[in-house]
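In what follows, chain A forms one complex with chain B and a second complex with chain C.
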Partner chain A sequence: MRTQLTLALSLVVALAAAPSLGAEPAPAFKLIVNAKNPVASLSRDKAASYFLKKSTTWSDGAVVHPIDQGDESAARKAFSQEVVKKSVAAVKAFWQQKIFSGRDLPPPEKAGDEEVVAAVKSNERAIGYVSAQANVDGVKVIAITE
Partner chain B sequence: MRTHRIATAIAGLLLAAPAGAVELADGKLAINGFGGVGVGLTDKNAYDLANPTGTRGAADFSLAVSARPMERLALNTQLHFNLRADIETPAIFDWSFAEWTFNDAARLRIGQAKMPLGIYGELEHVGTLRPFFSLPQGIYGPAEIYTQSYQGVGLTGHVENAAGWGLDYDAFVGNLFVEVHTPFAAIAPETGAEQHLQHFQAAGGRIGLLPPVEGLRLLASGYYGRTTRSEESIALGEPAEDLNPFFVVGGSAEYLRSGFSARAEYFYRGEEGDETVNSGYLELAYFVTEKVQLGARGELSVTSLVDFEGESPLLVHRALGGTINYWFTPGFVVKLSYDNVFGNRFAYPPDVEAAYAEGRLKNRTNVLMAGMQFSY
Partner chain C sequence: MTIKAKILLLPALTAGFLVLLLAATATLGSRNVDRLQDLEAGYAPALELNRDLEGLLGEVQRTLQDAVAAEDADALARVETLRGQFAERLGRESANPVLDPARTAQLQKDFAAYAEHARATSARMIAKDARVGPELERMSADYNALKEALRQGTEESKRQSKDAFAAMRSTQRSSLLLTLALVLACVAVLGVISFRLIRGVLGPLTTLTTAAQRIANEGDLGTTIEVQSTDELGQLASAFATMVGMLREAHRGIEGAVQKLAAAAAEIYAAAQEQEAASQTQSSGAEEVNRTMQSLLESATHIADSANGVFTNAERTKETSASTAKKISELSTQTNRMVEILEVIREIADRSDLLALNASLEGTRAGEAGRGFSLVANEMRRLSERVTASVQDVKVLVTDIRSSGASTVMATEEARKLAEGTAGSARQITLVTQQQRTATEQVSKSMMDVTSVLMQSVAANRQTKRAAEDLKAQAEQLTALMSKFRVEASRK
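The block that comes next holds the complex of A and B.
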């Protein structure tokens, strides 16, 4: 009896856990580019490289215009951790080094998804990220590959 | 009166600091700033920002302006204000240069640019990018190794491969100015004035290797130069002819990860027929809570003179120190540090020559420093 009860409980626990074990959690952000940009996907390294300005040109030679969100944005926190592989604070420190050594400026920061979408829509060379539930009409969502 | 006006202006800027960096024209113009106020006390000698009366101290502010008038053209300048009453020139340009980007691997710089030397070479006054209030004296102090900027032409760039390895490089040719402190006239009278400005014509650079290990950076940097006498040093009695060629070379390693930082550097300066300098340090820091950081640093610098054989505390600097910092934000920190210094290469009284001759020069100095530093 006790064995059957243990098995039943184990089954219930296993079934309850199944959805989270089987599926990759959906990213908390979408990477977007202008609708005219031919790029359909970017590797994680390349995307990070664009936002840290280590790479500054698209494959056709045009200059990339990355667009960030503010420090407190949930999309920025998720993008920093999952793509740049640094905390927002570490990214800020990286840009302090660049600014104060006269090497570069960080990407402009927009206040929220709507502003990022509008900026990407109006600039053929722009790339940005927005929260997963953002309205992305008029821009192209691209995939991030490993 | 002039200093008072500047101090008032800076006070206004300091009050404005929490508002954050100013960004105009959709990122084409940015204004950032940083600075700090600190005071230091010692039990004997004067050292860095500290002395026995606590009257040396530091109070400075810098304003960095970057403009991108064209996609490939950047104009950068940084104005440094020193608020100490005893400073004759309260405001100077740290650097001011134009940069043209050909591609990621090649950017041309013309003007007065920051000196690409070691880990901290371009960030001397930015206290929010390091654990200790002051930088290690054996490399970034008056050891004739580091100078703030070069006036000339430079090339810089970054490349990386598919395996995740990155390479940063800087190369430059131009003029350097370095403040020299040589407190060893008591053992080598021909070393000349105790403090003076030297002018170099130099060529050098830095290579940074970025392995595919997050937070790790390895650097090699140095320069080769020839010293020319400044009008100031000639006026102080030094001969007018140029000195021998010299070179500076060093290696640096930095690892930054999850609240932990480790930095180590070693530099050598050699000059034919004159002094050589060997300096190095190890600096560790860790955030024990989200806001509280502890740091420790050990440092060694040894100077050798051609005309002096034997040992003297005037040629040695050994320091062991610790710091405790409270970070209100990543851009605002309060620091309290203690250093135990042995040797008089960088720690000595104003009358060092007489103190040495009379046998009252103290070799060991305890240093306490406190201050706040900010950036935005």
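The block that comes next holds the complex of A and C.
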């Protein structure tokens, strides 16, 4: 609770400190869900928690199937940086701990935007991210809110 | 049942209960000892084993994680060491009786397989093999399965320990409950028996105490003692009752005797009083007699003296009588001469008369000158006649005197005889008086003795009276004392 509060405060401070929110360049990735998914936008926290499997269900109760990209991909780096707010190495260490404590497994990693889009298209509960230039036909891009 | 038996019943019952208690405690205790042995040799080491194995598994995981994080494939070699330690640790518990050898072997096999697979998978992760995903899933599943198996083993050991402890606790509780139940039963049974025993003892004792107190405080011998028990107290009670009955009988007897005694004492007292009065009377009578005897003695002395006087007088009278008789005899002789003289006188008178007659006649013849003569002659004749008459009288007188003398002689003789008799009598009287005096003196002496005895008797009577008084007082006291006892059946 205290941590969350501190996080929120630091966010506010960061936002206030930013020279201009509107002037910020467009993100280097797009968050996508299955076209049938009614969700139109997700908060950054929610999105991050889905990919760290801290939240596992959609608002309708369905299980979330997050899909990652390889750790070398730019989209992943950007996503990790901006949404998860961790380095890819930190995320990997997080998942190693999960793996070797037998508690959880990391989301499946897909090599490249196409594979991610294909996977999201074929899975109604899937959520993934692709680079900004990727072709997102057949899937729904949702907005990330603060 | 005797009191001894009743009293012995308590320790006997207690001992019985204690033996029961001991047997129950020993049985339950030996069960707990078995369980404790199971715990010590089985469940506790099994638990420890599972924890150690969990630790080893964790160690394997940390080794793998560290190796993957450091991307150091060489570090994975330590997994082999850990696998050996795992096998060795399992082998150490092969003798544990509570562990299933099949399960242990399976565990050993699973662990070896997992370690092998995990090591390989980790090596692939280090090598950044993109297709490691499914292997990861398997590894995770195997790990979780192993962990779960070990956890279950731990849980099982814990549960078994817990069960053993619960069973021990239950046994302990049962033992406690049994002990409690036995103790309560013992206490209850002993309580009931003690209560009955105490009531059985105290009841008759209270009855006896009440009866004894009533006898002691109120002298109530009419009290009845009712005790039904046949034990020693019952015997005591019946003996007490018999004693009270005896006392009652004795009291009746004593009461009668005391009444008689009191009456007798009163009678003795009255008699003693009378006797005292009589003794005093007697004593004064004796004194009177004594005085009388003294007077009698004095009288006797007087009589003796008088008798002596009489004797002397009588002797004198005798002598006087003899001289009188002699004088009278002389008088008689003189009387006879008087008669002779009187005859002479008469003759002279006769002759004078005759002469006077002749002288008268001569004077008549001589006429006047002779008248005066005649007158004298007449007168002389009358004198002669008168002399003759006087002589006659004197003769009569002399005769009388002679007869009187004779009578006097006779009387004197009589008097002498009488005087002799008187003297004899006086002598006799003197003698008798002497005897009388002696006798009176003896009587007086005897009377003195009698008086002294009577005085003693009076003193004795006084003592008797005092004793009778005491006796009476004591009889009254005894009666008062006896009246304190009641023999008729009283209340209750």
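Criterion: the second predicted complex is superposed on the first by the 124 of 146 C-alpha atoms of A that agree within 3 Å, B and C clash if a C-alpha of one lies under 4 Å from a C-alpha of the other, contacts with A are read in each partner's own complex, and residues count from 1 in each chain.
As a convention for this text, a residue touches a chain if its C-beta (ideal position, glycine included) is under 8 Å from a C-beta of that chain, and two chains touch if they have at least 3 such contacts.
Computed from a prediction, not measured in an experiment: that's the story for all the values here.
By the document's definition of touching, neither partner reaches A:Ser59: not chain B, not chain C.
In the superposition on chain A, contact of A:Ser49 is made with chain B only, not with chain C.
Of the two partner chains placed by superposition, only chain C is touched by A:Gly70; chain B is not. After overlaying the two complexes on the shared chain, residue contacts for A:Lys85 are found with chain B alone; chain C is out of touch.
With both structures placed on the common chain, the touch criterion links A:Ala111 to chain C but leaves chain B unconnected. By the touch criterion stated above, A:Gln96 is placed in contact with chain B and with chain C alike. Taking chain B and chain C in turn and counting the residues of chain A each one touches, the greater count comes from B.
Looking at chain A, you'll find residues 93, 96-97, 99-102, 105, 108-109 touch chain B in one structure and chain C in the other. Those residues of chain A that touch chain B in the shared complex are 45, 49, 54-57, 63, 85-86, 89-90, 92-93, 96-97, 99-105, 107-109. Residues of chain B touching chain A in their complex: 21, 23, 26-27, 30, 32, 34, 62, 64, 66, 68, 71-72, 74, 76, 78, 95, 97, 99, 101, 103-104, 113-114, 122-123, 126, 128-129, 156, 158, 160, 164, 166, 214, 256, 330-331, 375. Residues of chain A touching chain C in their complex: 70, 93, 96-97, 99-102, 105-106, 108-109, 111. The residues of chain C lying in touch with chain A in their complex are 61-62, 64-65, 68-69, 125, 130, 133, 136-137, 139-140, 143-144, 147.
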